[in-house]
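Look for chain A in each of the two complexes below; its partner is chain B in the first and chain C in the second.
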Partner chain A sequence: MTKIRSMITCLLRLIALAATLCATIVMAAAHDSTEIFNLKFEAKYSNSPSFKYFVIVNTVVSCYTLTTLLIPHKSLLWRLILILDTVMALLLTSSFSAAMAIAYVGKKGNSNAGWLPICGQVPKFCDQATNALISGFVAILIYFFLLLYSLHAALTPVFCAKD
Partner chain B sequence: MTKIRSMITCLLRLIALAATLCATIVMAAAHDSTEIFNLKFEAKYSNSPSFKYFVIVNTVVSCYTLTTLLIPHKSLLWRLILILDTVMALLLTSSFSAAMAIAYVGKKGNSNAGWLPICGQVPKFCDQATNALISGFVAILIYFFLLLYSLHAALTPVFCAKD
Partner chain C sequence: MKDLPSTAYHLTCSTVFMAQEGDGNHEKPGAASGYGSLGPRLISKRRDMILILLRFMALLATTSGTIVMALNRETKTFVVGTIGTTPIKATLTAKFQHTPANIFFVVANGWATLHNMLMLVIETYGRDLDFKGLRCVAIASLDTMIFALVAAGASSAAFIAEIAKNGNSHAAWNKICDKFETFCHHGGAAIIASFVGLALLSAISVISNFKLQKQKTTVGSVDAM
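So, the complex of A and B:
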């Protein structure tokens, strides 16, 4: 039972690693440019603090996930993993939501604030950012499943003991 | 020990309820208007999907927190609370980050995207939105402490049993 549990956890962590790595690389490489009135306008992730935050968080979570895959199963560090998993899930959710809010304004604009959509001018950048956001969302889902799985595993003996 | 634990949890939930209620009311009531070239421009939370999401999530979490305060301590529903607390913490983080990303553009603008800051025109709205975001952040911190406290309480017997 313990072996199956650690295999499922390991598989989920591998998918999470792939998703966060993919989100980081695709967002960091997203790039497009256009000319408006002879002025060159370049779109890249570093133009927006929210997209920078998204790249930084996905890089940190990638490193963390890789580390958890390398920790021996009998290490005492596993006592901290559930808490650190929760922190990583919160960071992933935070960076995804901030990037999503800005991507939405980039796509639809906000007429009340006078912010025009930019995706018509830099469609390649918008498509790549969308793909990065999809990867980021997959990473959140996987981390959520990991949390649910770990919570279930951690709580079952406590509840059983109370019954 | 159980009595002290439930008193601390109850106190944290009361502070979280106050913070989410405050965030909801202040953001929903935030309002300012200005005239540009004889056109009246009105700033309110419903102009931005991110601010609407912030208000909805804080309302939902307020209702949830109130419900948890009313559940009898011997109810079987407490088995679900740790998982639901995690979901609420993720929702709070998500809505805060999305609203924060938009508030940042409202304050500083984004010259690369051609989005001008609006806080110079509607300072009252920006101040009220900032206060709502501070309340939202307090709610996130409290929910994070609640999670850490519950995780510690749930995990301690498991770890002790393994020693």
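So, the complex of A and C:
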């Protein structure tokens, strides 16, 4: 039973690693430029602090996932990893939420504040940022599945044991 | 003691601690009180006292965050032009509903307020409530979920507020805080209150998860996955 458990955990972590790496790379490489009235308008992820936060958090989480993949399965670190998994899932949620807020303003604009949508001018950047956000969302889902599975695996002895 | 074997392993978090500390002046685990008596129990354990205090402060923080942002509204009249000698005035209102991130912020903090209230009620009046041994799991998982929700709401509102304060020259989004100062100050205060609540919720979540781990080690065997 432990072998199947560790295999499933490994598989989920691999998928999470892939998703977070994908989100980081696509967002960092998103680039588009346009010229309006002889003014060069370049769109990169570093123009917005929340996209920077998204890239940083996804980098940290992918490094963490890579580290956990390398830990042997019988060591005692797994309880610490359970707590760190929770923390990483929360960081991912926070970064995705912040990036979504800014991306929403970029796509739909905010007429009350006078902020015009920029997706019309830099469509390539918009598409790439959307893809990165989708990948980030998949990473969050996988992390929550992983968390639920780890908690269930860690708590099963509770419900089976009787005094 | 007919019902003792069936309730013997329904150890709640508080009774586990009591059994461990060897305290004699509380009801024994699995006693006949069960679900019947729901009066307020004596809170004499320092750990439980700290947890209740933390939950109360988190309740205050999230409530103030919700209310201050929900009542955030400012109306200002601007002079947009002149025709001859008469100035043309336009009245603009800044409401929190104008930004979806703020709506999410209010909703998330509202849910956190309700959650904190429910947890306070359970900790003070419902110490014997044990849902077939799932009390610790339910409390720990709910705490983590609400922590995630408040983290998402607070971070999205914080980044939108950052754009409102500093503008974004690359996207030609102008700052609005120089015109609507009170709105920005109130919004900032709400976000700070929510972050304070977030820090407290993180401590509460960690403590609840530790209680869960402790329950696991006393009742069952440790499986190192």
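Here, the second predicted complex is superposed on the first by the 161 of 163 C-alpha atoms of A that agree within 3 Å, B and C clash if a C-alpha of one lies under 4 Å from a C-alpha of the other, contacts with A are read in each partner's own complex, and residues count from 1 in each chain.
One rule holds in what follows: a residue touches a chain if its C-beta (ideal position, glycine included) is under 8 Å from a C-beta of that chain, and two chains touch if they have at least 3 such contacts.
Predicted model, so just to flag it, every value in this text is computed and none were measured.
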When chain B and chain C are modelled together on chain A, clash or fit: clash
First (chain B), second (chain C), both or neither touched by A:Ala98: both
Per-residue touch tally on chain A - higher for chain B or for chain C: C
Which superposed partner A:Leu90 touches (first chain B, second chain C, both, neither): both
Which superposed partner A:Pro72 touches (first chain B, second chain C, both, neither): neither
Touched partner set for A:Ile118, first chain B, second chain C, both or neither: both
Which of chain B and chain C A:Thr9 touches, first, second, both or neither: second
Doubly contacted chain A residues - partners chain C and chain B: 41-43, 47-50, 79, 83, 86, 89-90, 93-98, 100-102, 104-106, 110, 112-116, 118, 151, 154-155, 157-159, 161
Contact set on chain C toward chain A in their complex: 8-9, 94-95, 98-101, 104, 133, 137, 141, 144, 147-148, 151-160, 162-164, 168, 170-174, 176, 205-206, 209, 212-213, 215-216, 219-225
Of chain A, residues touching chain C in the complex: 2, 5-6, 9, 41-43, 47-50, 53, 73-76, 78-79, 83, 86, 89-90, 93-98, 100-102, 104-106, 110, 112-116, 118, 150-151, 153-163
Residue ranges of chain B in contact with chain A within the complex: 41-43, 47-50, 79, 82-83, 86, 89-90, 93-102, 104-106, 110, 112-116, 118, 144, 147-148, 151, 154-155, 157-159, 161
